[in-house]
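Chain naming follows the written order as A, B, C and D, and within any one chain the residues start at number 1.
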Amino acid sequence: MRRLSINALLVTLALSSSLALAQDKPAELKIGISTFTSGAASVFGVPAKAAAEMLIEEMNAAGGIGGVKISATFIDEGIGGDKLLSEYRRLVQEQGVKTMLSAISSGNCNIVAPVAEDLKILNVMWDCGTEKVLENKRYKYVVRTQGNATTEMVATVLYLLKMKPDFKTIAVINQDYAWGRDSWEIFINTLRVFKPDIKVVAEMFPKLGASDFSTEISRLQALKPDIVLSTSWGGDLDTLVRQAGQRGLFKQGATFVLPLLESSLERLGDAVPEGIIAGARGDHYWLHPETANDPKHKAFIAKFKARTGAYPIYPTYHMAQALVGLKTGFEAAIKANGGKWPAPDQVAEAMRKMKFTAYGREITMREDGQGLEAQLLGVTKRTPKYPFAVLDKMVLVPAELVTTPVGQLSTSWVKGINPALAKVLSTDQFKTHDFK
Amino acid sequence: MDASLIVLALMDGVSYAALLFLVALGLTLIFGVMRILNIAHGSLYAWGGYFAATLGLAITQFGLPAWLGLPALFVAALVIGGLLGTLLEWALLRRILDKDPILQLLVTFAAFMVLEDLQRLIWGTQPVFVSDVVNQLGTLQVVGVTYTRYQLLVLPAVAVAAFFGLNWFLNRTALGRQVTAVTHHREMATAMGVNTHRVMGLTIAIGGALGALGGALASPTTSFTPGIGADMMVLSFAVVATAGLGQIGGAALAALMIGLARSFAVYLMPEVEVLMPYLIMVGVLLLRPEGLFSTVAARRI
Amino acid sequence: MKTAAHAAAHAAPPTALLSTRGLSLSFGGVVAADGIDFDLMPGERLAVVGQNGAGKTTFINICTGYLLPASGQVFFAGNEVTGQSPRQITRLGVGRSFQMPQVFVDHTVRQCLMLAASAVQQRRGFWLPLDRAVDVHEVDATLELLQLQDRAGDLAGALPEGQRKLLDVAMALVLRPQLMIMDEPTSGVSSDEKHPLMAVLMRALDERKVTSIFVEHDIDIVRRYATRLAAWIAGKIAADGAPDEVLRDPVVIKNVIGE
Amino acid sequence: MGSPRLRLLVALLLAAVLGLCIALPWIKTPVLLALSNGLAVLGVIVLIRAGQVSFGHAMFACLAGYGVAFAGRASHLDALLLVALGSVGAAAAGALIGLFMVRYRGIFFGMLNLAFSMVLFSVLGKFGAITGGTDGLRFDRPTFAGQALEREGFETALLGLALLLAVLAGLAVQRYFGSVNGQALAAIKSNETRLEYLGISAKRVFWGGYVLSAALCGIGGSLFALTQGLVTPEMGYWVRSGEVVFIAILGGSGHAVGAFVGAFVFEFVKLYAAALLTGAWQLVLGVVLIVMVFAAPTGLFGLVEKHLRAKVPQGSKP
């Protein structure tokens, strides 16, 4: 007992910068951000980090959040889940950070979410897709400011059905890890609702980071499926697309569905042919049909390009959503708290009720902490304007249609989707925006 | 699985085995001479690939003739492999020859970690990839399936050339014989007046270049990302161990076994594809503790 | 004087401690053992001479189970031991020392002996520290017998060659063997050390009543210590008998002593 | 275990660790991870005694971890039971795999271990239905000695357990090194031929050492799993095994204490390297290791040891 009191004392000393008592505002708002700066996923982590630094500068220049400047500390998710956990706790219990943006990797989200709950600090899951984390357990302190795997996959299925209504066979080639496996499960279960007689001719799961898809490609050429799905990302996706291109796989008439292609388009340059169905993991794209000309967005794109030499990709937008969401949530909480600085649970509470807008349509948060974010999909198109493919025939699939309702499990929900939903494909909810 | 699929599996297996063999060849050669299993060899593969890509980009940027692409790959391999290899040998390996084998392994492991980060600092984290070479060479049809000439002709050709070239060098040339002598019995070779340091320097340069060549030849078809070295490392371990350390012919066969097993697995039971190299390695080692081709020499007492 | 051919007629005499019948083994083209028939009686002290490559060590390696003969049999104390492992043969009571001493270079001299002793002595629990798991008196006795007591605390690896040879024998002697086979116990030792070294070894063997075989090049030592001498030529026993007789044999003089 | 000064040092270290954990609650996690790592390192040190290094020993930590996770999910056992279960499981696996391993030495020993661990790694990742795939298995915080505790309390209890186990394991290993089998194990490194010519079965001795090392890795893995409440195939990846050997050399393989000294240094160097120069921590570790091998091949503990040994009793060798 005595130990505990000493303990408590030291904690409060350590945390004096932002006291647990929700009274006077702290000197600065310390936030911790976990992102990949090493390993294959740094493809996403590094641009997102750049975006975070950029946006935090802007926000601070504009007076920060509720008049408090933000100071961010970054953790490398590449050091592995266990070290991440240590570092995470160090930030919270030593540095007195009470707001964490974590993580990119779904595996890491699974690690940190329960810890945040135990430490009673706010954790914004800013990029990870796994729907399970919020469906299997109800959290008080954990929210997600973007869609999840279910939203992404169901939306992709609907878009596919709109673009290519009749097909009989499908083959999948996904990375062999949780995302690759889960996304396929959601995708095929959803597809079976609309096409009960769909034939899966090949399920291939080359290992994460595989460097040679030659055999898989040969097999696809031999099988000649109507649809080829791959939810791969990063170097794996690049390699797959390039090898497929070199082997003439794209010319064989199969429709490719690559839900994460948006993040590779600029890198892949002319290796991407026209006519591939591509996703953006949410409602954002630097040529967004509705916000591309919005000055705020334009400024963001220009600044980001100047800073990193590349156009923003989805992780940078997810980072933006997390930060904007955080700001909106804090301000709402401060208001609700009668102008006083809010405690993490108050912010988390506010974030569950808020609506906010980053660089796409408005995002609505649900009471389970899940964000309802529309899904942008399109078909690749080559244009003289850019040395790489862009998205055409873009559709913004409303999240409400394709997200598992609160309290239900995606695995069972997708199987129960009403086939009548296919009707919306022709409504103007599914209006296509051409590339201009 | 009908005949045509078997043909396909063979094609893919062989072209994959070719790359694997080149990397493993370097590893096993270096082990033969230095008795050190160089874990940093994986980084040589990665660096070779990255540097080749850099050269490829340069060629397009400075509008140099496109046919330079293919030779550039070899240049890249020689430069990186030679330089990095020699640097490794000079800075580390030659200084740990008489150390405990465990420490030797650890030092190369450390070198691997260092190179891994340096590579990220130099080439960043975005996937790197230059494929003009492949596109120039064009494609050909096999049982109705398109293959690139590059993977079907160039890769195996290079592997075979490397194999025979190295054998010729080791058995026919004076310098090569010295290398062989050191491989068989370092002390005796030194006693016979072979300049062991020179031989080692040479070997690791060649071995390194082979590792880098594997990477360079992979770069036109593979996106290079951080961490790509570690995977190739374990795979070439598997090849070398299966073959028996220092066994060049063995490495060729082991690489083929693993390459084919892998490609057939993709057709027959994709789930075990990743397992194949290790299953083969375990299986072989359980039956032949020293690998396929080396024999247990009874200790002279 | 009996010859190999002559001996072949008889079966192994029941009283023999070590016998071989028709031992043959060759490496590639080199014949290292060529149908060796051989009997060693208890109490004998046999010296083995022969030029390098004559097959002396191969013979020892076969008898102690390190090598498997292509054909032929080995008997120890009346039982066939052909093809048994060194471990099994050692347990039957055959001690061995090596041309290159096989000691535990990272252990102290005393630890080496205690470890050896632990192999034959009843253990009182595997968790016991080495020095409490073995009969220390036995160890110390053996140390003194081979005059190593002053080096007890040193690392075996740090010993000079002569003492390392002694330790090599000591480790085998602690096992209380009936037969001790020593492969060139005085090789690698300066000539003026040879005699004292042999003196210590032989006294030790006498004290423990151990029958012995030792390979030796130095004819003086052979004359001084051997009760019987066998001369190896090209995997055969060319001559075998009383040292003086064998040393007078012209074949031996020509091929072994080389004058 | 060694000289009175050494005992004093260990006591001081323990006190320091406890003090830190009371002062800075966040430190419990890294300390727990360091301790569980240290136990695994202890296992590897046992094999290094025999001159053998395994590049797959993380597999035993991994097996134990999954054992804990499965048991924890299926039947809500007590943390203490889970640790016991995981460790026994790992030991059993070690006993089985050891039957093959005793025939191998040097590189091939390392390689075969590597191969086994990679098979396990891939299988765990593949068959997601049972193993939870690469996301691994999460399990709820179990009771500790019958008490249902919050994270803080649970970690404190776990920390106590880990410290206790670490000390016991350290003592046990030192005792083992001094024992007949331990000395025979060390003899495998210097001269297996002589062992055979003493009538001692090198294989049996080595098997014993292998099982012990697997068990130690098992204890470490179980604690690791309980600390995270999650197990992933990564626990068994070959780089992990490499790290463990790395730590053994860093801390010094001559003495059990070295394992834990190394584990702590490693944990915190990696933590701060990752925090301060994001994306270059591998470089730092690599350089550290190279410097160690050349400057202090006996490891950190080797540096202090000579000052500690005021006449160390027989058995524990330099």
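The working rule: contacts are C-beta pairs under 8 Å (C-beta built on N, C-alpha and C of every residue); 3 or more make two chains touch, one makes a residue touch a chain.
Computed from a predicted structure; not experimentally measured.
Colleague: Which neighbours do subunit A and subunit C have in common?
Modeller: Neighbours common to subunit A and subunit C are B, D.
Colleague: If every step must land on a chain the current one touches, say how few steps get you from subunit C to subunit D.
Modeller: Contact-graph shortest path, subunit C to subunit D, evaluates to 1.
Colleague: Could you tell me which chain's Cα centre is nearest to the average position of every protein Cα atom shown?
Modeller: Going by the distance between chain centres and the overall C-alpha centre, it is D.
Colleague: Based on mean C-alpha positions, I'd like to know which chain lies farthest from subunit A.
Modeller: Centroid comparison gives C as the farthest chain from subunit A.
Colleague: How far is the middle of subunit B from the middle of subunit D, if each middle is the mean of its Cα atoms, in Å?
Modeller: Chain centroid spacing, subunit B to subunit D, equals 33 Å.
Colleague: From the mean C-alpha coordinate of subunit A to that of subunit B, what's the distance rounded to whole Å?
Modeller: Spacing between the chain centres: roughly 38 Å.
Colleague: State, to the nearest whole Å, the distance from the C-alpha centre of subunit B to the C-alpha centre of subunit C.
Modeller: 49
Colleague: List, in ascending order, every residue of subunit A touching at least 2 other chains.
Modeller: Expected reply: 37-38, 42, 176, 207.
Colleague: What positions in subunit D touch 2 or more of the other chains?
Modeller: 122, 125-126, 193, 279, 281-282
Colleague: At which residue positions does subunit C touch at least two other chains?
Modeller: In subunit C, residues 102 touch at least two other chains, as defined above.
Colleague: When you check every pair of chains, which ones turn out to touch?
Modeller: Pairs flagged as touching, ordered by label: A-B, A-D, B-C, B-D, C-D.
Colleague: Which residues of subunit B touch subunit A in their complex?
Modeller: 4-5, 8-9, 11-13, 15-16, 19, 117, 120, 124-127, 129, 131, 134-135, 139, 144-148, 150-151, 218, 221-228, 231-232, 262-263, 266-267, 270-271, 273-274
Colleague: Across the complex, what residues on subunit C touch subunit B?
Modeller: Of all residues in subunit C, those touching subunit B are 57, 61, 66-67, 98-100, 102.
Colleague: Tell me, which parts of subunit A touch subunit D in their complex?
Modeller: Listed in rising order, the residues of subunit A that touch subunit D are 3, 6-7, 10-11, 14, 37-38, 42, 73-76, 78-83, 85-87, 89-90, 92-94, 106-107, 110-111, 114-115, 118-119, 130, 176-178, 181, 207-208.
Colleague: Which of the residues in subunit B come into contact with subunit D in the complex?
Modeller: That would be residues 37, 39, 92, 95-96, 99-103, 105-107, 109-114, 116-118, 120-121, 230, 234, 237-238, 241, 245, 271, 274-275, 278-279, 281-282, 285-286, 289-291, 299, 301 of subunit B.
Colleague: Taking the complex as given, what residues does subunit C use to touch subunit D?
Modeller: Those residues of subunit C that touch subunit D are 64, 85-88, 90-91, 96, 102-108, 110-111, 114-116, 118-120, 123, 126-131, 133-134, 157, 171-172, 175.
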